[in-house]
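Have a look at this one before I ask anything.
A, B and C are the chain letters, set down in written order, and residue numbers restart from 1 in every chain.
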């Protein structure tokens, strides 16, 4: 036996012993964990309907995107011969996945779950049907979003490039779907969808936000659009823009849960990177421009440009190679 | 043969020739790559123990989350009948995955790798055991984080919504686990875990940071919390907040590698979006509020509100439709 | 039959009826969707070559990374015995995946797609070959990036830690590959690659950007580097830095599509978090330092430090526990 093998064997042997000791002690620890499962201080989800979303929400969004931008994200060529079969099959599948998923989240939140409840399944099917019914309208809206992105971005070389790779379009696609479900009062799922888009794009749009046509988010990382924001048509925003709520007194959460806390942005507004617009009474008038890094907690009228006064900069010469 | 088929055939034929030429040239290129594998200027990982983490770190975190929030992320309904079997099986599996993963990273960094080493395996098992032992405590801490998030956020409609979809909770969950491993001096893995959370949430918390109970990050994209930060209880921060180090002279990396370089945030502090707090001697006193976009490199006392003076804004009226 | 079973049965029965009604109505909706597939207002991808990238781009980047950092991301131990076979097999596979992927995107954009075209396949093979040929050079460049990251970051405990977990290194790795494809005029794919890195890291580097050696991005979330930026050697930037274009008049997209719109950053510059540098004529001179949150639309000379004047802060004492 070579020296190396001896060492390895020794290591494995001592190791195995160590492992056994810990493994042998596991049942005691597991018992303690199980006995504190229903600790009233902690959250557990026992006896509840599972939400089941783990893998399916992302698949569901991919399926929807395949239908909303037919052929773009498919690995098979779609042409006039197969399009009917392809779309028919994909839409039927989507209906089945979507309705089942919605039924799960409805049952999960259903207060009548332990009583007789016949509504969850019906509501789930109807909501899935509504989403699918709106596909032709969604396609038009998303096409307008694509064109608006292209028109204002010199780095875009084709409409296809925007569809294939722009995170802003991904985020608004997911938002326009999540918004339909949110309007149908479907719990949990719209927010899970918007957080998936947030995770993939850095763009955080609450499904409750109301957003008009031809909406563009460029780059997008760090964008936050709050629940009760109202955004008009032909609005363009850049990375790190917050359309948010004013700060709240501690504990005000409960009282404000159902009021308009976020701004209104009228048609044809541009908001440059890093700008922050806050407050439910704040209105940015139509055709106005909010410059980079502006911090706004009050309204501005239509046809206005607002910039920060360039902060006085302090400039020092350094000796070569001095670093900071 | 149709015209189309002819064209396709031609294309394929010319193409195949082209492919053959390049493919035939591959071995020469591969040889050059292999001969420079051990170029001392470059990094290669040859003869080292592999870290093996590629797929397992994300799975591992999912498994941990399933145990820390029992039933929430499961596709099977958990109830009083199956919870013992379910949790027992999941925790045993987690122990096996986690201990193996930790042993891999220990061996990877083990300087005695080419000598007799019996410690890596034992340490790995013990560390995995420690994580599992702390699950009941972690559950309490995370439940407190959930409640704190709910209390301060009017957009949250239920505690479940926070557990299912809030990126801030995901980031703090991963942090609280990574911190345990970091305190046990496990190399690589804590940082790989925190970077996974960073990738999914945009929230970058160094596993070395010390963070008290009831910690809330809202929206979160762009948040950075440095290695030696100390954060008290009941602190709430918003997107794009940096708790970081002061700028360093070039090349100062080495000297500062083990000193406190990041601020202390005392209990009950709120830091609004875009604020930057820097420096190892900076202390934000208890119950203070740091306003949006504030840039702070010195301490502020307890019970203080600090805001930027609203920068003078320059406002211009434009002609309708003029754009910027 | 227990009461519970009765309820469940009722629920399922009413549910099934509901489902049937909606499902029965699907064909009509599907018909409407299919009949509007070629709506000239909308985007569809019918009769086009599919791009096929869905799963393969991420795999492709992983494969490239495995070859650029040999052994690091492998689950098998690589040593002097197996390295030749391992690398040979991996590089051949990469060539096959990469060439096929490039051919797909070329065909997709090929205007001669409906005529005889023999060039796409040849160009695809040649481009894939070029990428593979440059692997030894890429390895040297990336090793220099790793060393630069380590030298300036006291939180980094080893070079390996940077390779395993730093998002800045991931982003620059993808950029250096995407840039080669961009220079070869490969459409779509470079941008899809850079957006994948953007999604995973929050760092948005346009594949057209020119970036010198020893480039470091720390933390990185929110970084934007525009298409025509030129960045020298030994430059270090932090989270939320924008190297971008000045705002454009509405509709200027088309005219500006091929001009230099983004800054030039000379050698040895540091740009701290939140700084914004804009405009195609803006030059940051060598060895200069741009402080956090600086907003710059004009050039600064070499050996200059530029900071914002610390904004006057408004400080108020609050009563204990008063909150905001």
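One rule holds for everything that comes next: contacts are C-beta pairs under 8 Å (C-beta built on N, C-alpha and C of every residue); 3 or more make two chains touch, one makes a residue touch a chain.
The structure displayed is predicted, hence computed values, not measured ones.
For the two copies, chain A and chain B, the CA superposition rotation is 120 degrees, given to the nearest 5. Taken over every residue number at the interface, the positions common to chain A and chain C amount to under half, indicating a different-residue contact.
Chain centres here are Cα averages; for chain A and chain C they lie 19 Å apart. In chain B, the positions touching at least two other chains are 202, 221-222, 240, 247-248, 250-251, 270, 274, 289, 293, 308, 311, 323-324. Those residues of chain B that touch chain C in the complex are listed here as 7, 10-12, 14-16, 18-19, 21-23, 25-27, 29-30, 32-34, 36-37, 39, 41-54, 108-109, 187-188, 191-192, 194-195, 198-199, 202, 204, 206, 208, 221-224, 226-227, 240, 242, 244-245, 247-248, 250-257, 259, 261, 268, 270, 274, 276, 287, 289, 293-296, 300, 303-309, 311, 323-324. Of all the residues in chain C, the ones that touch chain B in their complex are 67, 69-80, 83-84, 87-88, 91-92, 95, 99, 103, 115-118, 120-122, 125-126, 128-129, 132-133, 135-136, 139-140, 142-144, 146, 150-161, 163-167, 200-202, 219, 221-222, 239-240, 247-251, 270, 272-274, 289, 291-293, 308, 310-324.
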